[in-house]
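The two complexes that follow have subunit A in common; it is paired with subunit B in the first and with subunit C in the second.
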Partner chain A sequence: MSVVQLKSVTKRFGQFTAVSEATFSLNKGEILSLLGPSGCGKTTTLRMIAGFEEPSEGDVLIADVNMHNKRPYERNVGLLFQDYALFPHLSVKQNVAYGLKRRNYDRSQINNRVGEMLDLVKLDGFEQRRPSQLSGGQQQRVALARALATNPEVVLLDEPLSALDAKLRQELRIELKQILSAVGASTIIVTHDQEEAMSLGDRLVVMSEGRIVQQGPPTEIYKNPRTKFVAEFIGRSNWLRGVLGPAVSNNLCTFEVAEGLALLVPKPEFDAPTYEVCIRPERIRAGNAASTDGAASVNRISGTVQNVAHLGADIHIVMELASGHRFTISEQFIGQSMDQYQGLLECTFFPSDCIVVAADS
Partner chain B sequence: MKLSRGAILLLVPGVGILLAFLVLPLANVVEESFRLFEPGRIGAAKDAPYTFFNYAELINFTYLYYFVETARIGFIASIVGLILGFPIAYVIARRFTPMWRKIGVGFLIGIMFLSTLVRVYALQLTFGPTGIAKFLTGLLGVSMNGRFYTELVVILGLLHYLVPIAAITLLGTIQNVNPRLTEAAQALGAPRWMAHFTITIPLCVPGLLSAFLISFTLCLSAFVVPMILGKGKVLFVSNLIYSRFSEIANYPSGSAISIIMLILSLMIIYGVTYLVTTRWIKH
Partner chain C sequence: MLQRYIDHFGAWAVVGTILLTVTFLIAPIIVSILMSFDARSYLGRFPPTEFSFHWYARFFSDSYYLTGLKTSLIIAVIAASVSTCAGVCAAIVLDRYDFPGKQALETIFLSPLVIPAVVIGFSLLLFFALIGVFQGYPRLLAGHIIITFPYAVRTTLAGLTGIRKNLTEAAMTLGANERQAFWDVTFPLARTGMVAGAVFAFAFSMDDVAVSLFLTSPQTYTLPVAMVSMMRTNFDLTIAAASVILMLFTIGLIIILDVIVGLERVIGGGVYRS
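After this line comes the complex of A and B, so read on.
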């Protein structure tokens, strides 16, 4: 059963179309990440679900009820703002109790529910504190407890972790996911951070310039991005533009990039004037892999190493191919010496590691 | 606190002028208020004996009435000014585009620069016996010479500058309240009016307090408005002080009333501030 459904929702502000024909649904208990660069319309989409903006066209359904002209307070939605929007003049307890009071819970019910919520976010004993007396992470948890207290149909999180520093963000990401699945909340997370979107979301909806460009499970989108935008936005990528050559087997064909540089790639299932091929840095192996794999159909490239950056668990190697293309390769660090990554380096990758997309004209 | 020589040099002129033209004359008023006045003279004689008579004289229902009336009407006008000024400030701060905000603020400041005398006579024309209000009062059966009507016109006169002052003072306060807070309240189930009463207004209490104090002190020292619009029926302490000084030349009595007024004003301001800060401003 879908908790939230958007049916070709369009939002225009004057001449500007912020969201165009957005259609997606959120299933019960699912976490959906709405991902896109800033200005892509993801926050506007969230605000339309919450009821702060009314769609210009299309329908928003929550629990199969059309939300047309329903005010935010007439919808059962839990909202977590980027800056948390905790009420500074109220204590932690009063903040969490705010929504319960509006729903006419009696005193003992409110006390029980607030206790339960603060227990859930591990903030018991903080009832009487003011928001200003809490750390950023604690404030975020209070805001989450406040949003979850009223048992909302859907929880909407607007860039929930962006106000925190990198280390805390990682910790809280895991905690956030645990809390959300503990209460079984159906959640929509808006974020521009692909790691956040992938680690939190059961499903991704990728937006660009007001349109939904692809939706599906994170792994699926990472493996099979449908456009160059999606491939570039989610993960790192190397790009080659070229002409599709003759088929060599049922599912492979050649791809001519430049003189002396041809690859074997999966045969695309669509027609386009020009194609581009994306190869993820971690799928390329430095050194001669053919000897170990023995596979006949392997792509080989070689180039001059320009830069080697050891980032801890990963090593990033930038090399320039004879054709002038620059490639980034990511190798796992397992104690090897950096000396092997210099001068002329030979690399291999499999045809199945090549993602073929239509080139932007 | 240790001040450098340069800082002291810079402070001397300001402090000097303050002493010479504010503290000294005020001390003079205090001294005068304890002198014995002989009717017929202009002010007290140079060697007049000291006395508490000027103060003792004020413990009298007639005089007390002036103080109570000034405070009462001032209080009503200040509160009404806040109630009217808040929505104006809110709309200018939240709903207007930056250009309209400038125009709005400019308009409010413009009203305040208009001469008090001009505004008061404009009201007098409109609400006096020759104005359009005559028709309305006749319709409602309110006497234009009655105490209620006069008081209403005086309050209108005060509101003429209290509303813009309250709105301008509250503008900054409202701008500092995160607009996400009312949205958060709405998402939690509070209708808009409830979100404003439980979130916006409590967060504006410090601004409301300063707007009230500015309005109230302006009311207490109001002079032209009650003099012209009060038509002798509604008189403020300022008018009483004026008549003491200029009409009967009883400087000692006028001084005593001034000092009492000063002390009362300070007490009220301190009392209101104390009450509001301990009750509502905790964070």
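After this line comes the complex of A and C, so read on.
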């Protein structure tokens, strides 16, 4: 059962089309990440679901009811604002109770529910504090408790972690996911951070320039991005542009990049004038590690190491191929010496790790 | 090395300027306060040799001053109330709605701040003569509302613009309609700005001479106007006592406000920022 449905929703501001023909649905209890760079229309989409903007065309349905001309307070939507938007003149308790009061819960119900919510976000004992007396992470949890208190049909999170510093962000990401699944909230998260989108979302909807370019489970999108934009936006990638050569088997064909540089890649299921191949840095192995699995179906490249950066768990090696292409390789650090990554380095990767997309013209 | 001397000199210059400014601000007031307690019955040299309350006694037995004080208080209370209400409405419209001519309207609302008070007084005098109003109260009230209105608009507007729009949106997603969101969120947050506006309006009304001079009638005059005319005809230290009393009203008001809403919030921007 879908809680929220968007049916070819378009939003125009004067001449500018912010969202174009967006269609997707959110299932009950699911967390959906709306991912895209800033200005891609994801926030406008969120605001249309919350009722702050009216679609120019198309329909927004919440719990199978068309929300056309329904004001925000006529919908049951919980919204966590990017900067939390806590009421500065009210205490934590009053903030969380506000929605309950406005939705006419009686006093004892309000007290119970507020206690329950503050318990959920681990802020009991903070009832009388003002928002300004709380840390950023605590403020966020109050805002979350406030948004969840009225049992909304759908919870919308607008860049929930972007206001926090990197270390706190990781902690809160896990906590956020726990809280959301504890209440079984159907959630839409708007974010430009792919890690946030992938770790929180059961499903991703990737947007670019007002359009939805791909949707599906995070792993699926990471493994099979349909366009160069998606592949580049989600994860790191090395790119090679070239011409598709003859097939060598049922599902493999050659891919000519440059003089002396040809790869084996999966046969694409679509036609394009030119193709580009993306190889994730972590799928490339330095040395001959991959060759044990049958030499015929392995791609080998070699290049000169230009830079080695040891980033803790990962080692990033930048090398230049004979053709002039630059490749980044990501190796796991398992105690090896950095000395092996110098001079001429040979690398291997499987054809199945090559993602073929149509090249942008 | 030289740079450090220059820096040192700069720091001392700043401190010196501040001290000088404070001295110039405070010293004359202290002189007039001390002189108002002078026991001598004539206008003697500073400092007074003995202290007494006899200038105050004279002030409170002089019906001319008392009439002025009473008029000042009545006018200030009414003018501050009216201009605060009107100013709050104007500020809300300016803050929340976009319409053609908004900029022009804001400029008109704030124009009494830049138009010389003498010009306002004189124009009002001509205007009231034209429409046949010669009584003191309506003329003074109109003048005082005009000069205090911009302060109410300004401080309320400052309070309102500090309130992020998403607070209203948050209230709306939580079930409040536009009217409820205004009373639950916008109004309480802008209240300090409104109160500050009312205080300024009251203080400026109590204090005004330039506009009032044109609009008084023989029976209706404000305390500052009474002080000016006494200074011309009958200069003695009752005026110093009157100044102190005038000051006491403003100081008293500020103290009351400090107790009720907290002075820092009223003067210090009057805006919540979390």
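Quick notes on this one:
Here is the rule we go by: the second predicted complex is superposed on the first by the 357 of 361 C-alpha atoms of A that agree within 3 Å, B and C clash if a C-alpha of one lies under 4 Å from a C-alpha of the other, contacts with A are read in each partner's own complex, and residues count from 1 in each chain.
Rule of thumb we're sticking to: contacts are C-beta pairs under 8 Å (C-beta built on N, C-alpha and C of every residue); 3 or more make two chains touch, one makes a residue touch a chain.
Given the structure is predicted, the values throughout are model-derived calculations rather than measurements.
After superposition on subunit A, the partners subunit B and subunit C collide with one another. In the superposed model, A:P88 lies in contact with both subunit B and subunit C.
Applying the stated contact rule after C-alpha superposition, one finds that A:R103 touches each of subunit B and subunit C. Subunit A residues 50-52, 71-73, 77-79, 81, 83, 85-89, 98-99, 102-103, 132, 146-147, 150 lie at the interface with subunit B in one structure and with subunit C in the other.
Interface of subunit A with subunit B (complex): residues 50-52, 71-73, 77-79, 81, 83, 85-89, 98-99, 102-103, 130, 132, 146-147, 150.
Across the complex, subunit A is touched by residues 178, 180-181, 183-192, 194, 198-199, 202-203, 282-283 of subunit B. Of all the residues in subunit A, the ones that touch subunit C in their complex are 50-52, 71-73, 75, 77-79, 81, 83, 85-89, 98-99, 102-103, 131-132, 139, 146-147, 150. Subunit C contributes residues 164, 166-167, 169-177, 180, 184-185, 188-189, 272-274 to its touches with subunit A in the complex.
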